[in-house]
Amino acid sequence: MEQALRITVYGPTGYTGLELLRVLAGHPRVNLVQVVSRSSSGKRLGEAVPHLSASPLANVPVVSEPEEDFDLAFLCLPHEASLDTVPRILAVGKRVVDLSGAYRMKNESAYPEYYGFVHTHPDLVSKSVYGLPEIFRDNIRGAELVSNPGCYPTAALLAMLPFLREGMLPDRVTVHGISGVSGAGRSPKQQFHFPEMEGNFFPYSVEKHRHVPEMEDVIRRITGREVKVRFTPTVVPAPRGMIVTLYLEADPVDLKEMFRETFKNEPFVRIVESPPMTRWVLGTSLCLIYPFYDPRTSMAVVISAIDNLGKGASHQAVQNMNLMFGFDEAEALTTTPIFP
Amino acid sequence: MEQALRITVYGPTGYTGLELLRVLAGHPRVNLVQVVSRSSSGKRLGEAVPHLSASPLANVPVVSEPEEDFDLAFLCLPHEASLDTVPRILAVGKRVVDLSGAYRMKNESAYPEYYGFVHTHPDLVSKSVYGLPEIFRDNIRGAELVSNPGCYPTAALLAMLPFLREGMLPDRVTVHGISGVSGAGRSPKQQFHFPEMEGNFFPYSVEKHRHVPEMEDVIRRITGREVKVRFTPTVVPAPRGMIVTLYLEADPVDLKEMFRETFKNEPFVRIVESPPMTRWVLGTSLCLIYPFYDPRTSMAVVISAIDNLGKGASHQAVQNMNLMFGFDEAEALTTTPIFP
Amino acid sequence: MEQALRITVYGPTGYTGLELLRVLAGHPRVNLVQVVSRSSSGKRLGEAVPHLSASPLANVPVVSEPEEDFDLAFLCLPHEASLDTVPRILAVGKRVVDLSGAYRMKNESAYPEYYGFVHTHPDLVSKSVYGLPEIFRDNIRGAELVSNPGCYPTAALLAMLPFLREGMLPDRVTVHGISGVSGAGRSPKQQFHFPEMEGNFFPYSVEKHRHVPEMEDVIRRITGREVKVRFTPTVVPAPRGMIVTLYLEADPVDLKEMFRETFKNEPFVRIVESPPMTRWVLGTSLCLIYPFYDPRTSMAVVISAIDNLGKGASHQAVQNMNLMFGFDEAEALTTTPIFP
Amino acid sequence: MEQALRITVYGPTGYTGLELLRVLAGHPRVNLVQVVSRSSSGKRLGEAVPHLSASPLANVPVVSEPEEDFDLAFLCLPHEASLDTVPRILAVGKRVVDLSGAYRMKNESAYPEYYGFVHTHPDLVSKSVYGLPEIFRDNIRGAELVSNPGCYPTAALLAMLPFLREGMLPDRVTVHGISGVSGAGRSPKQQFHFPEMEGNFFPYSVEKHRHVPEMEDVIRRITGREVKVRFTPTVVPAPRGMIVTLYLEADPVDLKEMFRETFKNEPFVRIVESPPMTRWVLGTSLCLIYPFYDPRTSMAVVISAIDNLGKGASHQAVQNMNLMFGFDEAEALTTTPIFP
């Protein structure tokens, strides 16, 4: 039997970290040798995270710095922490999947405005591979550093991809986003306190959101053009799930056929016959897309649904790992959602 | 003391009927003499509706046809039922506020396609007044028949109104809608069964929705132009609430100032300093609007929030009644939401 | 027209404070002259609390110490803060309704164990009136200091009251409680962060809860006996609402008749024909009770439902105010719940 | 490679059926050859159930009667349907796990009162094995017919088991139950319509519930005594999850130690250090138990938590299958919950 891949997870107690652990717990080719968390170091994972106390991961050690050797690190850290941690890991010859935004954009000049820091490792920015397999699969395979896409860019770029490929993207697209609350992270906040968020929904960051330059950066790399994205995200009272609606001016075309052709060999993207529900993707790696042309307004409308913690984060991170290490791309990644 | 206005409510057990009853229970100028419901006739309201059994309305009789004389009828009926009931009530000299869509559009040719029936009372279509006080206040005052607007048209038309007034509406506008589940009515359905709807959200009727011709009809009456509305509604796991986001191409302009000017004398429309939450309007008559101009994409974006059963239905119906009978327009209508 | 009662609310931004403000906004006999809050002082209420910005209360001043004269103060403060604030207000001749637990128990020796402080005003403990009108109505009328009951004691004591009156309470009763999350207060906490509390429920404080000595204290005052209460509270994913199930050994008796007799003149307590739903009491002053005798186990089982912020807190506080100042006991207190 | 076990699932579109399919999709030793459903026969599973359209199960045929040979049938049918289907399958030599209540009780005289039918197969009642492995593991191994326990009996009997084993159960125990809505099945009902169930909770079937004779039947078989169970179930606004609180009179004893000893070799039962949350067991086979002795009232209190569709239904059904066919008992059954 082949040696298992040795994994270290940084930041295991946030939502992307916890969902990553859940997927890794079912992956037959990997061995989680440690998790890195300053706040919980010295404990076992089952002590640090009560809902893992009965899991097979319960005895994984929580350390403040890696103590066991490893092959791959997943970084589920804040952007600023990833910025500095990535080079340290690469420097000792390990490979990295970074779930933060620190290395996603080639246009490093956007960092000060959207992330609040001047990028300190522009060399790694150019070296990092954007981990959206449907676009960059070949680059991911050999990558040392994969920068895992944001949740909204994942849903929006997949909804745009056929237009990108066909050169049909106009200079302006509107992306309306709706997301469950886990996308805002695990730290308690007044507006996400259960009694206030239950039954409540609202737009946020409507004038400026860091996923805008991320989407525009990828579009620029593929088309060489400066397409402007108008993006309006909304948060709704669900733990998970994401719906993106793309509006763009277009000539009449058979969108369903065009989309089916683009994604025909993809393991996780499906073109569906009716607008998708987020329940159909919960806990999975799926992206479901419903495209149609509206002749009354001459617009193409594309609706895509993902689990923001699934294809929008941790499952995609494992998909990237599978590609990087030559495993079956779908290994441990389910397309059977939990229901209800 | 002045004589109380005698009220009859048809269809009291649906969500708009129940919310209407709740508002009327607190209205000092009215007397609910009866409710009309075939399925529960012969009972008292408190027997027919368990949660009203301790309410002051508990003893109101439920009848299959009106038995007591009345001054005003509210119709909370299916569209087809309203179509026939309105003329019968008007024929005996009573006034009507109809909460269905049966008399909303002047363009009666749209009914077969969007409502599934040929309109049998075109004369009343031209006579009915569209009950959006912010546009048609003067007509409502003297009206015999007020057709209460749909929830989405209420939120969208208020968000459009300054552009309509200033002649700034382009030929195409995009309206993205998000609504709580009560907008889909009270009949149990598989997709709205609690275990399946909880944590779930999805677009529906994205290619064709009857609120589209309703919005276009009002725009046509004000501007004389054929503006096309692209409308995509989404349902999210909340009982109530509605957020509409309007996208339209526009020249740079101080939208907040323009909106404040348009609505400066309105009792229920407020321009807010941050994107509104639906919790801020629950159980109220409020419409909160957040407009801004996006210079990157040369688009005006307007976000409006209402309670779909409040300003979007039953509270607006009472606002219309208040106008029709010369009461204080805000009588019994609260702007203090229940929280949390 | 009579002069309005001048009101000051301390601690207006917690959940009991906010619900109290909502009730007072609709009370025709009162004038909220100021709210006291250190964190927001200098603002207007509509600035401090966004969802009140369109309310008639928007212009009420927020002060760090009272600046306007007043007749009655409601204290929606932490227990420790109430402990010291109550005597200061009484000392200047104002009356107080205290919503904290600081003056609820006559048995002041229970405070160190259950509240973590030695009571510094035992004189006021003996002077305070426990604000459960169904038991202490006459005392409330003349009281200077009314100590508003806890939510669980309200629901449990009303469910016990007929047994208390009839001398039928055994030496041990079991009280199983279920509550919405607002009972835990407004401060964000990890376990109440929306993504974690949604779909989640769990018991808490099962071995020791401060509502136990509060219930036992009232029982002792009425019966002179040391009855032991076994109390197990559970929190469920709802913003509001409370269900208490009382189990006690009993002889066969017609419980429904006994309960109807006890509460026949009460404005807010109703004996219902089927187990009550919390939706039937949301936003109201109601307590619905369903009692039955189980012959298989020789147990009386009593189920009671309240809104923990309604009859369980702020509506009961207004009921107490109405009694203290000779208003109609039900003034401004609704029995028509918001639905859905 | 060994031949996979051939499985047929009857009633695949209810909640227990769907959760069973999700578990089987990840089981390496089985092959789902067909599902039996009259309403959807002739389709593929991915057509009949939209959320399975991208799953590896999408192509499983839906038939009205079995067409492929099989080794084991899971019955996720209404009680009455199971009553007749079980003997037909056994007659052709196949083994059965029945998830209905039709064969759970040895005391067949309880069926008319609690299930509404006279039992037509008393011979099979005596032959069926109650599928609670923690009590009847050895019998399950060789069984032809395993009757999978009800959700509440699973949680309650595990909470009682140490007392049963030690002869410490008194003549009366109180079982307070709280459950998510999926326990009430998949058929839409008014009270479970999302806008009404959201934020709502209430007791039901408080005077008579069919899980009472099921619990008493098992207790009788183990102790030979007629213990009476007082059972009060409550439904709360969560899709899944179950908390049972057991109250019983007891002598002082170290309950935690007693419970740890009883369950020390069990793969899915854990004694926890604080009251368990349902989120800790969602989508798993776990039962978490928190026992304690209350010296004030001389009562033992035991809190147990399961996923009503997990250990309370479909995961337990797979656990039974694993035992029946000699697989690893924990095969395909996870103890890592989805979170959040």
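Note that the chains are named A, B, C and D in the order they appear, and that numbering of residues resets to 1 at the start of each chain.
In this text, contacts are C-beta pairs under 8 Å (C-beta built on N, C-alpha and C of every residue); 3 or more make two chains touch, one makes a residue touch a chain.
Note that the structure is predicted; figures quoted are calculated from it, not measured.
Residue contact pairs shared with A-D exceed half only for one pair among A-B, A-C or B-C, and that pair is B-C.
Between the chain pairs B-D and C-D, more C-beta pairs are in contact across C-D. Most remote chain with respect to chain D, judged by CA-atom centres, is B.
Between the CA-based centres of chain B and chain C the separation comes to 36 Å, rounded to the whole angstrom. Inter-chain centre distance (chain C to chain D, centres taken as mean C-alpha positions): 39 Å. Chain centres here are Cα means. That of chain B falls 46 Å from that of chain D. Contact of a single residue of chain C with at least two other chains is seen at positions 15, 180, 182, 195-196, 198-199, 237-240, 277, 279, 339-340.
Chain B contributes residues 172, 174, 176, 178, 180, 191, 195-196, 198-204, 206-207, 228-230, 232, 234, 236-241, 243, 245, 247, 275-279, 282, 290, 292, 294, 296-299, 301, 303, 305, 339-340 to its touches with chain A in the complex.
Put simply, chain D touches chain A in their complex at residues 15, 18-19, 21-22, 25-26, 50-57, 182, 198-199, 239-240, 270, 272, 274, 277, 279-280, 283-284, 286, 288, 334-340. Per the touch definition, chain C reaches chain A in the complex via residues 15, 180-182, 186-190, 192-199, 237-240.
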